[in-house]
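If you scroll down you'll find the structure; I have some questions about it.
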Amino acid sequence: MLRELLRQVRAGEISIEYAEREIDALRIEEVGDFACLDLGRRMRCGIPEVVLAEGKLPSHLADIALAHARSSGRCLVSRISREQAVLLRERAQTGGFMVTCHDEARMVILSRGAEVRQSGGVVGIITAGTSDIRVAEEARVVAMEMGCRVCTAYDVGAAGIHRLFPALKKCHEAQVFVVAAGREGTLPAVVAGLVDRPVIGVPVSTGYGYMGHGRAALASMLQSCSVLAVVNIDAGFTAGAYAAQIANLVVGQ
Amino acid sequence: MLRELLRQVRAGEISIEYAEREIDALRIEEVGDFACLDLGRRMRCGIPEVVLAEGKLPSHLADIALAHARSSGRCLVSRISREQAVLLRERAQTGGFMVTCHDEARMVILSRGAEVRQSGGVVGIITAGTSDIRVAEEARVVAMEMGCRVCTAYDVGAAGIHRLFPALKKCHEAQVFVVAAGREGTLPAVVAGLVDRPVIGVPVSTGYGYMGHGRAALASMLQSCSVLAVVNIDAGFTAGAYAAQIANLVVGQ
Amino acid sequence: MLRELLRQVRAGEISIEYAEREIDALRIEEVGDFACLDLGRRMRCGIPEVVLAEGKLPSHLADIALAHARSSGRCLVSRISREQAVLLRERAQTGGFMVTCHDEARMVILSRGAEVRQSGGVVGIITAGTSDIRVAEEARVVAMEMGCRVCTAYDVGAAGIHRLFPALKKCHEAQVFVVAAGREGTLPAVVAGLVDRPVIGVPVSTGYGYMGHGRAALASMLQSCSVLAVVNIDAGFTAGAYAAQIANLVVGQ
Amino acid sequence: MLRELLRQVRAGEISIEYAEREIDALRIEEVGDFACLDLGRRMRCGIPEVVLAEGKLPSHLADIALAHARSSGRCLVSRISREQAVLLRERAQTGGFMVTCHDEARMVILSRGAEVRQSGGVVGIITAGTSDIRVAEEARVVAMEMGCRVCTAYDVGAAGIHRLFPALKKCHEAQVFVVAAGREGTLPAVVAGLVDRPVIGVPVSTGYGYMGHGRAALASMLQSCSVLAVVNIDAGFTAGAYAAQIANLVVGQ
Amino acid sequence: MLRELLRQVRAGEISIEYAEREIDALRIEEVGDFACLDLGRRMRCGIPEVVLAEGKLPSHLADIALAHARSSGRCLVSRISREQAVLLRERAQTGGFMVTCHDEARMVILSRGAEVRQSGGVVGIITAGTSDIRVAEEARVVAMEMGCRVCTAYDVGAAGIHRLFPALKKCHEAQVFVVAAGREGTLPAVVAGLVDRPVIGVPVSTGYGYMGHGRAALASMLQSCSVLAVVNIDAGFTAGAYAAQIANLVVGQ
Amino acid sequence: MLRELLRQVRAGEISIEYAEREIDALRIEEVGDFACLDLGRRMRCGIPEVVLAEGKLPSHLADIALAHARSSGRCLVSRISREQAVLLRERAQTGGFMVTCHDEARMVILSRGAEVRQSGGVVGIITAGTSDIRVAEEARVVAMEMGCRVCTAYDVGAAGIHRLFPALKKCHEAQVFVVAAGREGTLPAVVAGLVDRPVIGVPVSTGYGYMGHGRAALASMLQSCSVLAVVNIDAGFTAGAYAAQIANLVVGQ
Amino acid sequence: MLRELLRQVRAGEISIEYAEREIDALRIEEVGDFACLDLGRRMRCGIPEVVLAEGKLPSHLADIALAHARSSGRCLVSRISREQAVLLRERAQTGGFMVTCHDEARMVILSRGAEVRQSGGVVGIITAGTSDIRVAEEARVVAMEMGCRVCTAYDVGAAGIHRLFPALKKCHEAQVFVVAAGREGTLPAVVAGLVDRPVIGVPVSTGYGYMGHGRAALASMLQSCSVLAVVNIDAGFTAGAYAAQIANLVVGQ
Amino acid sequence: MLRELLRQVRAGEISIEYAEREIDALRIEEVGDFACLDLGRRMRCGIPEVVLAEGKLPSHLADIALAHARSSGRCLVSRISREQAVLLRERAQTGGFMVTCHDEARMVILSRGAEVRQSGGVVGIITAGTSDIRVAEEARVVAMEMGCRVCTAYDVGAAGIHRLFPALKKCHEAQVFVVAAGREGTLPAVVAGLVDRPVIGVPVSTGYGYMGHGRAALASMLQSCSVLAVVNIDAGFTAGAYAAQIANLVVGQ
């Protein structure tokens, strides 16, 4: 459009003043475009947009998720309830979308059926106990959605390290680890002390009494002498996306 | 004294009414005695009375400590400053007491020179880092004062467990363990998972930032899946006395 | 297996290089065995493995508990709900296990019917109020599971000490005390001031308002001048196991 | 002045309109007076105004205290430092005031020499430890300033109650008790359980670690099952004034 | 009984040794009696024993409350739910007790029908808002149970003081005030600044967001410059009992 | 009335003494009036009185709201539940009031049908996410009730600023901004950095884990380097009223 | 520059392709300019940039402040220490700047001597106590720097409102109020209940014990029923700038 | 050694039983070796061991640091004071080590003069303000020590993003970003929203009042919607090491 304007200036079809105003207007539009392009921010970072289901009416959620799915061909919904999922599945299938449910992760994926392109990145996900699995699963689904292969070793045990060695062996191809743990939350630091890969600690909201609900776990991960980065309590999505970002970077994606 | 009274009653030397009043008085005195005996409560539990130096003027401290030493032949002073120690030593020596200084423990013991009778109890004291030693030393001095032998393994490291095995071997005779750790404070739980003896966790006020100053350590010890009991942050005295109480109980003291 | 290898080396049946590789492999397996032996960690410490029912689906819980029961002949389930207990009982009885329910402790024990061997250890359990009993019961069941005899004195009263003396008398054989108290939680310190045995304080999540839900109790136990060790709020299991560990140690178990 | 106005109205010396305006003005002044009388609020409640020295420059403090002393004949200064006290004493003596220093209470009283009139009220002040005395002394000085007689029993001990009985006996005339305690702060509840007089608990900022600096004491006093009212941590002034208010009320002052 | 023993000693009917043992036994019983008298502690302080219904099964509650009512002729039950109240009423009426329900206070009183003897004490109870009434009512019922007359002025408003003056006028006979307030909780301090009687502040668990649920109210009452004593959040019982204790003391009860 | 009194004085119809007493009485009434006028405080500040529905029985709420509506012609009810709204609507319509429901704001307005007079003030309300809308709507309804026009731009997004520029453009007439944001709550500071109008930050109780439920948002708004004022978490009413107060002030209302 | 480009296009001096590239480059520069203009953000909002002295070396501070002063003719330095001020003054005077020190506000202003242009805005600043003055002074200096006239009424008293009325009268021209208060921090709410102008509450870090250091004040301001906005504890700068922003807006600046 | 044993077995020089015992012993040594190798854990992860100077006596620190330097040729000392540095430098130079001081990072490096081998990894470090630089510098030194090239952009500004774009451009080669920010701590989330590389947020202990000292920054980073990992407040070492670990992984180191 700028070129056409310049052509008209050259041809004397429009005045210089008029062209100046038009170009100014264009610039303002560019600012708009800049903003719009920014809409693609998360996509550009290789991180899928996620719709948080928590606190949304089932019908609202379905509207929002379908709008996302229509515009980008794919939509991740997190922390979805059974009731929300029922309506979403129905609405999505009517709308011609494939629906994949990850119950333990409390996630649903709408897609046009296309497989996620494999990036070659490998993420290892380890949990201390069984209660940490729901958070780990959220991380797993996101990492897979970002093209990574995921190796998991759940319920490795916080107290004894005997189950940790085979777990690490099982995940030996991982370029990065997500380690989820509640209560005193020491497993991430232990793993970080044993592997030469980045470890992301996820405190899980288990444990009661003093500093329960994941706060002791968050505290011990932040205070740890090991080299370890941390996300918020129960933040499986962030952990999974962060890990996949690293893994994809390592394999040159 | 009651027997003498009864004798006098029998002998008719005193009236029944008089005896009744006297015995009532005796009972009241007994209550007093009961109270007084209660003065010996800590001693009776095998735990020495300790004078907390913190916040006391040097001269006041010296007065109090010497009074204790005079009445019971022995006096433990804890959290003593250099300035307080100088005056106390001088005054105590003038008063004929032997003065033993434990600098790292910030403790001073006044005594008439008698050795503490060995109970046969053995306490193991382990620390994660070098900053935990001052707290461990407080525990050590108290446990020794209670007749126990103490094996120590300091600076075992929180991150790796490689220095822990020789430490445990070194302390294999211990009937009970005191484990001091700051920052994320995971060592006590690790030890409790490896030994079949009671473990007392002592959080140490190290670490900065979120839940620093021993609070993360306290939290992770309380939240731990291991079977572990805990004392307050930096409470070396309590940990040492508790451990010695158990050890002495085990050896039948 | 090593001996056979060595025999073959001697016999020239295998090459030295081959034997070296095999022995290396063996060592790695040993590491595995070491790990596996470690599986017996808790058992080795005399502390039974417990399955935390809280947050598990009834069918999952039943699977896990039965697997434990099958492998070790016995299984403790804690914090079990009525709904979980109904299914567990049914499944366990079908599976030929005896089921013992401790309603107030919210615990269920699966066994092959064998009695727990008596260790000779005696644990005293005292509670300040009636709301503390559920936590005390959890401690009691665990201590009994570890072979101890338990004397209990519930609802001794925090405010007045008049009910404490007969309670202590009743528990005079105890080698160690568990004292559970909510609200201001002062009873454990009072008991610790009166007996010459180790006392384990258990804060109970009662009390409302400022520092309610057991936090004031935890705070006052940690701040106490008495020699006292503490476990997490409502941590009946840990308190009971810790007490039994001490009692069994004292009686030479 | 109103009467004079009305006289002038009657005498026809001023117009009704003028009188109306004047009376309106008077009312506004009355509002002022109301305000001014309100200045006497604290005095009216029988509670002396106190000047908090903390954070004031010595010369500013002296100005303010002398202004108070000049207007009301008497002035209480609290939390005064040595440096502030030196200048205040000098300035006050120059200004013709008698200066009474209460070192442990960190208070100074300026007066014209008149004795405080005895109200007949009796306040009992008890402390658990020696570190609580500075707070207790602040309470004592205020209560005496309000005309009460004060019986004190300091360092009664938190752990054992044996020193409490003679203390209570010593204070048997008290109509109300102030009980100061740090660390776990249980003494006020114990006293409240033994006497049939109102007890005011004052948490003292001692104790370290979890909930140290008087917060555990505050928590346990608020959570206590005993009938007990509480003031802020270290609030000796408030406790003393509140107690004296009750005592004076009881004796009809 | 002692006299009889002494008589037998005199008469030579029993040996001195036997008498000594008997008198020792007597002393021990005395200790028991001392304890037993202590059972009357709360009663002796003029404060009725209360049964906290919260968290008790309806049938357990009924058992406990009736036991209390039978032994002392009267029983207060607090924080009772509708379901608990239904059963209690039924059981109590069957047992021949009169049942008085105070719905807003969530209290039930069992009695033999006797009126509480009027002490002559007068307690003023003021609330800032309507949400504070349930706590105020708890205080009112307790104070009346202790023989006091209660004047109430509810919903006086925290923001404006215009409704406070008639409220204070209405309560001019009160010897002591209970002032309940939630959110920012400033009313108790305002009242304490206007009356020359002791004021007890009760923070009420209203308000959301930062320091909601009564914590801001507690904080502002403790920090207040006014002379004011405070009880725990929602502690209507304690406030009412403390106020009645003061009022009864003032009228010489 | 004063004038009439003065006339009577002049006319000699009443004595000066009598007039004096009457004028004194008048003054006391004035104090009453002063108080009464104070009743109009909120109205006088241009801020409508609001009835908080939360925690009130539907019938009580209806009584209170109708009383307000009858006395001032209009009544705002906030945080109303569906059940409360049903009864209120019915009762209000029977009583001849028009009922306007704002569902998302959880507010109901009773009125005699009169439109709110437009002040000319304009308030801009921006939210970061969809979960913030309920709080924003509360602010919007209040601001409109105070005569302001409100421009809203909801769900502008916290992470990217691309949707913020059109939002600000849309609200360019606003004299003041309310910006609601949960989780990390950074939007208000961003807006305050871009506009030359006062910005009021409202933290919204979203976000889980560490400092969730709006506390992180409150913290980051208070810590912000931008010039920004803040209200309590979820305090839509206060934010809206504060904004309208400023807007109305700017347009000279 | 664009116009020149267009002229060259018209004149055929440059190719269209070249012009397109140049204009693209220009746009990128514009983005730069946009950024640079953004440098003027604070100025544009009418809020002066401030240099926080706290934690800076005296020489660093002087460098930074002089750079600011040179570029914008004026520089505000806040939280400056005596030592920092001495060097800054010396360096600034050497550099030809006028130096104005506001000791109590701990602020220094460097300028070329030009007076701040009066905006006509009027800000009222009120403090509860004398300890709040340092914060109020910080607000005052900023508001004056933004062209406002400031009326102050310091030490109005939190407990009694008698000194508040003349204070409000004195500030009757203010379009907005800053009210600073520590401890329980109730004054801002009281003022907000009495004036029909926006009130900004500033909690001041006074008060000790539970929720001391301004936290109780912050809590009670946020919980207040009055319509009130709040800034961070001790945030005098923000309060002053926010108030001046409103005042200047009202007077059309 | 095993091979030699096997050779001897083959040669019949030793018995099979003897060999068995020797190999068992070897295995035990292996366990020791495993432990010893574990000593190299941090090194193996590519992360240098660091000696925390804080709280160590200058002479102790020098001993420890020199021991490290001697055993591994290189030693990093962090959080070193001026006094400690003076002695360390002297002792290290005497010992033949090269000493590199990083004053702002408060770090000292002892080495034998060898340059760190460049890994090819590039780390971008950005700070919001000047107070964040000390933490950023700690990260920088560590990352360089791990062979990375570091691009820094300090004092980018939290409020405006205008300085951020050139900063990001400057760091366009970075494979990973460390972003340090205090107060409200929003910069890391903003950067994470703009780049497609992993971002590590470091809260810095600046800011006063509510949630000051880095806690608000930590909270807003953990609550952020951006994909972001976090380390403890002021944990520059961890952030730098974690970033270098990622960068080195990306470049295949």
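The letters A, B, C, D, E, F, G and H name the chains in turn, as written, and every chain counts its residues from 1.
The definition used in the following text is that a residue touches a chain if its C-beta (ideal position, glycine included) is under 8 Å from a C-beta of that chain, and two chains touch if they have at least 3 such contacts.
All values reported here derive from a predicted model rather than from experimental measurement.
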Contacts shared by subunit E with subunit H include exactly B, C, F, G
Given that subunit B and subunit H share one sequence, their CA atoms superpose after a rotation (degrees, nearest 5) of 90
In whole angstrom, the CA-centroid distance of subunit D from subunit F equals 40
Taking each chain's mean CA coordinate, subunit A and subunit D are separated, in whole Å, by 60
So, in whole Å, the Cα centroid of subunit F is separated from that of subunit H by 53
Among all residues of subunit E, those touching at least two other chains are 41-42, 159-161, 193, 209-210, 212, 215, 218, 222-223, 232-233, 235
So the complete set of touching chain pairs is A-B, A-C, A-F, A-G, A-H, B-C, B-D, B-E, B-H, C-D, C-E, C-H, D-E, D-F, D-G, E-F, E-G, F-G, F-H, G-H
Subunit F partner, complex, touching residues on subunit D are 2-3, 6-7, 9-10, 12, 16, 19-20, 23, 27, 30, 34
Touching subunit H in the complex, subunit B uses residues 130-131, 159-163, 165-166, 206, 208-210
Note: in the complex, subunit E contacts subunit G through residues 158-161, 183-186, 189, 193, 207, 209-212, 215-226
Touching subunit C in the complex, subunit B uses residues 41, 44-47, 175, 192-198, 200, 218, 222-223, 227-233, 235, 238, 241-242, 245-246, 249-250
So, in the complex, the side of subunit D touching subunit G is made of residues 31-32, 34-36, 38-39, 41-42, 55-56, 203, 205, 214-215, 218, 232-235
